[in-house]
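Naming follows writing order (A, B, C and D), and every chain is counted from residue 1.
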Amino acid sequence: MGKLWEKKTKPDPHVIKFTVGKDYILDQRLVKYDCLCSIAHAKMLNRISVLSEDELLGIVKVLKEIMELDKEGKFKIEIQDEDSHTKIENFLVQKLGDVGKKIHTGRSRNDQVLCALRLYYKDELKEIEKLVNSLIASIKDFVERYKKVKIPGFTHTRKAMVSSIKLWGESFIEALRDDLKILKSTFNLIDQSPLGTGAGYGIPVLKIDRNYTKKLLGFKRVQRNPMYVQNSRGKFEGEILSALSMIMYDVNKLSSDIIFFSMGDMGIFKIPEEFTTGSSIMPHKKNPDVFEIARSKYSKILSLEMRVKMVPLNLISGYHRDLQETKEIVFEGFDTVKETLSVISKVVKKLKVNKERAKELLTGELFATEQVYKLVKNGVPFREAYKIIKEKYS
Amino acid sequence: MGKLWEKKTKPDPHVIKFTVGKDYILDQRLVKYDCLCSIAHAKMLNRISVLSEDELLGIVKVLKEIMELDKEGKFKIEIQDEDSHTKIENFLVQKLGDVGKKIHTGRSRNDQVLCALRLYYKDELKEIEKLVNSLIASIKDFVERYKKVKIPGFTHTRKAMVSSIKLWGESFIEALRDDLKILKSTFNLIDQSPLGTGAGYGIPVLKIDRNYTKKLLGFKRVQRNPMYVQNSRGKFEGEILSALSMIMYDVNKLSSDIIFFSMGDMGIFKIPEEFTTGSSIMPHKKNPDVFEIARSKYSKILSLEMRVKMVPLNLISGYHRDLQETKEIVFEGFDTVKETLSVISKVVKKLKVNKERAKELLTGELFATEQVYKLVKNGVPFREAYKIIKEKYS
Amino acid sequence: MGKLWEKKTKPDPHVIKFTVGKDYILDQRLVKYDCLCSIAHAKMLNRISVLSEDELLGIVKVLKEIMELDKEGKFKIEIQDEDSHTKIENFLVQKLGDVGKKIHTGRSRNDQVLCALRLYYKDELKEIEKLVNSLIASIKDFVERYKKVKIPGFTHTRKAMVSSIKLWGESFIEALRDDLKILKSTFNLIDQSPLGTGAGYGIPVLKIDRNYTKKLLGFKRVQRNPMYVQNSRGKFEGEILSALSMIMYDVNKLSSDIIFFSMGDMGIFKIPEEFTTGSSIMPHKKNPDVFEIARSKYSKILSLEMRVKMVPLNLISGYHRDLQETKEIVFEGFDTVKETLSVISKVVKKLKVNKERAKELLTGELFATEQVYKLVKNGVPFREAYKIIKEKYS
Amino acid sequence: MGKLWEKKTKPDPHVIKFTVGKDYILDQRLVKYDCLCSIAHAKMLNRISVLSEDELLGIVKVLKEIMELDKEGKFKIEIQDEDSHTKIENFLVQKLGDVGKKIHTGRSRNDQVLCALRLYYKDELKEIEKLVNSLIASIKDFVERYKKVKIPGFTHTRKAMVSSIKLWGESFIEALRDDLKILKSTFNLIDQSPLGTGAGYGIPVLKIDRNYTKKLLGFKRVQRNPMYVQNSRGKFEGEILSALSMIMYDVNKLSSDIIFFSMGDMGIFKIPEEFTTGSSIMPHKKNPDVFEIARSKYSKILSLEMRVKMVPLNLISGYHRDLQETKEIVFEGFDTVKETLSVISKVVKKLKVNKERAKELLTGELFATEQVYKLVKNGVPFREAYKIIKEKYS
């Protein structure tokens, strides 16, 4: 069986390969969500009398079968299937005949894919929320073990004032908690049901019930305007990647700090050897590759954010195939953030602090500000006190 | 009087010019907020007995005087003043002598500038919220005038199904309302008081009262961790610019549509002539420059967002002078968005629709989907109905 | 056998998986180049008497065997092999024993991978040069068929002056020829041998002959400074992606034009049906997906360029594992550009022009400028002539 | 006198302000180049008999007068003048009457502004070439003073092998020399005369002589296709900013190194005190602000590059007002790079090295690779030697 939009003229295979791109691979993770959307959609079609009770039961049974097959890795989308939508509809028609041909009533692939994507995004955002919480827990663990240790605090990459493991660790905990808020706002923004808006101009003739599918699928609200549904493709993805970039911003800084504080000449942090790598020429090296790669992923997420926000640039309203690209971009974003958070959490938990070295590095100039404030306490105006102490360091 | 950090060795003037950059110009808009922060800070210093009642009164009086002068454009920061902080402190010392030298007790320029910036950001975000609401109102006006007019709806830049001015206009209203939510989340995120965190490692010896200044300045909560306060520089700015980019995303699409629908061969929209520009060689041209420039501003905001998110990349925790750059970036972002929204609101309100031309463009193929659904209504399975109608267009 | 840098402590498998990333997949395309570099390196080691004639022959024989296996797809790098370097060295040791252990003398994986990458980059740039030339040939074909057809020329997305298929097509030919120059400059820039610079600080004790390997490998010159060799990682890749972005800039504009001129209400260009796709809801649609996807790839290349230029940001000199990311970025860039050029060339060649429709669209206002110049020819000063004609269009 | 494209309907002042933007300020630096182009254009008009000998003399005289006034700062473009073209043409008409009205014969503002911009770009690129050479000279100076000093070389931000001031400095010299090549390629690419292509569709009726103006203006070649001339706007600017980004890439790394090597705990480099700045709270600080700001400018140039490459995204061929934005972007790019190179050259020249500290930091592990090679020299296969030495560091 062929594409859902099959035409008389045989399409050119080179063009098909180029336009399908990686869709057939990417869509594998959408099969489950596509089935969930189709089940809700079928229930709604039954409610408005487009599908009979029996037809509904048949369709739901086959869709659940597909989800089962998919879970076991037996529902593989191949390049000739084009994507998950085609594969699923074809499977339904094969199993149910004419009944299968009714499933696409009252929807377009445009709202169908957005529906599946939104459900998928919501699951991924929840997963990432968990991973952020697990990184917070790892940092807490680490802080708990070393909280009393004082370390030098830096500004302008040079010693400034006394800091501590507690201050250091908690700065990231507070940062990540802000990220959780950003994640939540993003989740709330995209938690809108696009199902029932067709190709961006609604469904003519038929009276469909968008509130019902919204409820069945657990969306917070209906995204009303069909054209906005299409125009929000790229925009919502931009919001998601912006949220992810904030997490990676903090991971970048955390990693930068760990690399800096663990270098030989600093030696305050110690990355356990099983988490380091060596060099093919320098036998002494114990490199912090895991943090370097984690650090670099911020650039990756930033460029993905930029890309997803660039694709729809200067295009008029309504769907354009360009927007298909946004799928791969967000998937890559989710995968990257999940992998990074997961490995970082593990290593941060095991991080060690060299207390002696920390002490050695608490050199005099770190206490200059304290000395100023001791004078202030004795009544010297701040600016005077500052000048007096400055003399000592000139 | 000199810089707050003046050293014995005379700094090189070329270096001073390069490092001050545009700060002395940019800071002009911070004078007001810097004074507000200093007033709150002084009240807190009085509360913890660092300043006497009289000293407080003196300081507050001079700070209010500065705000008054600034309002009248008489408190000009010059390049030799370096920035608003230095200029204000010097002014205080000049007027109050030793008392002025106490104002910097318990703070650093690092938390001081962040405090002023946050207040300023909050005001700008509120201003932009107003402008978004005013654009929504303009679109509503426009829709009200032409709501019954049907127009062609496009996908893939070609005619798809019947749309309408109402559908078109409301898509942007719903989009902009989502933007208002994003703005609000951003506002909530940054609504944290940084005052009292010094240079990122707290204030030693002195017991300052951060909750008190928070309350006085109207912040929603205290940003606890001093190092996070510094590390959030760049991050919060990134969030702001990401929110602005979402607004400009919608402005870009709105402008793209208006340019497209108003071109001669389409002719549905008409931009009143007083809002168009001509050509120096082609006497017939009436160009939509205002929407082209509005459209291009999305690229500007995107690149500013990228820049502000890039500056802190791979830097360790704690302040770096690199972060100073973020000030100019956000200022440019605010100005650009405000100017664009303001002019666009004005023109959209006056936009005209050529009803005859709209009718002419409602050609047959726009109704193909409707024909499919009429068959579906008569019991033909969707996919069959689709194939029957397809025959007619092959 | 293990990693080249194997340590006593067993590395954590999660960390290994994260740090290896996709290297084991990406490196498959480097096997050939890695062998070529190793052959040249071995010959040089023989020349400076580190390898005997027999050892050299043994090594070269096995490396050629690997190249043969690789060509047949039988030298698969698995995740436990880490990357091509490890896999190849292990294979050599397995086949040759102690002799295999000598191949890494006088080099590090740092210069080794750069050497293989440069050879690979050079091949890809040559391949892309061919594809650009083939797109030029396709456009020429198209222009040849329709060169006499006049079409409207647009500025500000509205009709400006008379243009022609010839003018249109030749604009892209001239643009692509500039791209060929940019490609050539990039090729020349990166055509430098990095082999023999070790990990960025040269090879101690041993006197290696860098000119000899340079000559054997066909590099134009030696990249002298070992630290610059490492620091140019990211920079050279940035240059490559910048060159690719210029090609995609032109492809973006070409695609935008074709989409615009082929939409129903314009109808000048016609994309043969076998190169279009349909809609799952609208039976009449013939969509230009191939050009929409081609158009979107400019955003992809731009974001890859940005990413590769961002990764090394703010890092000190010398190799960092972050730079490993640049490999994937450039590979993705090459693949994207090659696929796009190849499919676009095919479709452009078959593009049709509807001459009647083109004529219909040559409406009066397109000749306004011509009318001005006719007056000018009769002695009216240009600005006067402009004003006279302008009257007619007000 | 009014705009060159003035229409009957009075344009809205708010729209005028928005569309003019900063053009009237930016164009100040184009006055000179605009006059040069106009002089060449007038000479060509005389050659093809559009202007008489007397008319030509009159026009050239006034244009030279404008250049003189401009040099003295007395030819100020005000907002009501719109831009340099309008101001100059109005001035000509005021002085010469009808003769002035002839200067715009055979050109549009589109090719006129591109002509002025190209000449300006060429001058700026030459200026930047000089500044790069001057930075090279400063580094040479520095290397000369300290060339024998050994310092630790880093990979993965940890000690790797022995390096030296010579190796360090020369890496940047070689890098900057590559940048000079890139600058030269960019110069060659844009060295094309756009004059005589009108608004993108040529000049009708009149036979103009493009080779003649090309020769007069010193362009290397004529940019033939009029539509490509317009389409290359954004593209050439992208090439320029990409070249600038490569320079700033090296400045970023140079600055990162200097900040790193001059921090207290490293102490190898010393930035003379007159080039450092202090802190308002910490009296001991001597901060490397000049290098931090220099470092941050890479992000600025990168985001400008991105922006200029984004503006034309997805737009059809032919001029769009969006492209006007590219002017400001490139100007900002040139200014930023010039300022940064100039100040950095000055400071690098005066940089000091603490030889004792450098010696102290040459700790044992830096010699591990050397020890391996000593074993290799005695006949131990490299991989064996590596393992033997590795034992010592485990």
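Here, a residue touches a chain if its C-beta (ideal position, glycine included) is under 8 Å from a C-beta of that chain, and two chains touch if they have at least 3 such contacts.
All figures in this text were calculated on a predicted structure; none of them were measured in a lab.
Any chain bridging chain A and chain D, meaning touching each of them, is among B, C; the list is complete.
Looking at which of B-C and A-C shares more C-beta pairs in contact, the answer is the pair A-C. When chain centres are defined as mean Cα coordinates, D lies farthest from chain A. Distance between chain centres (mean CA atoms), chain A to chain B: 25 Å.
With centres defined as mean CA coordinates, chain C is found 37 Å away from chain B.
Inter-chain spacing, taken between the CA centroids of chain A and chain C, is 28 Å. Within chain C, contacts with two or more other chains are made by residues 4, 7-8, 104, 110, 155-157, 160-161, 198-199, 260, 278-282, 285-289, 292, 295, 299, 302, 306, 310, 313-315, 320-322, 369, 386, 390. Considering their complex, residues 155-161, 259-260, 263-266, 278-289, 292, 306, 310, 313-315, 322, 361, 363, 365, 368-369, 372, 386-387, 389-390, 392-393 of chain D touch chain A. Residues 3-12, 14-15, 18-19, 21, 85, 104, 107-110, 198-199, 273-282, 285-290, 292-293, 295-296, 299-300, 302-304, 306-307, 310-311, 313, 320-322, 324-325, 339-340, 342-343, 346-347 of chain B are the ones that touch chain D when the two sit in their complex.
Residues 4, 7-8, 50, 89, 93, 98-106, 110, 153-157, 160-163, 167-168, 170-175, 178, 181-182, 185, 188-189, 198-206, 223-228, 230-232, 234-235, 238-239, 242, 245-246, 249-250, 252-253, 256-257, 260, 295, 298-299, 302, 306, 309-310, 312-321, 369-370, 373-374, 376-377, 381-384, 386, 390, 394 of chain B are the ones touching chain A in the complex.
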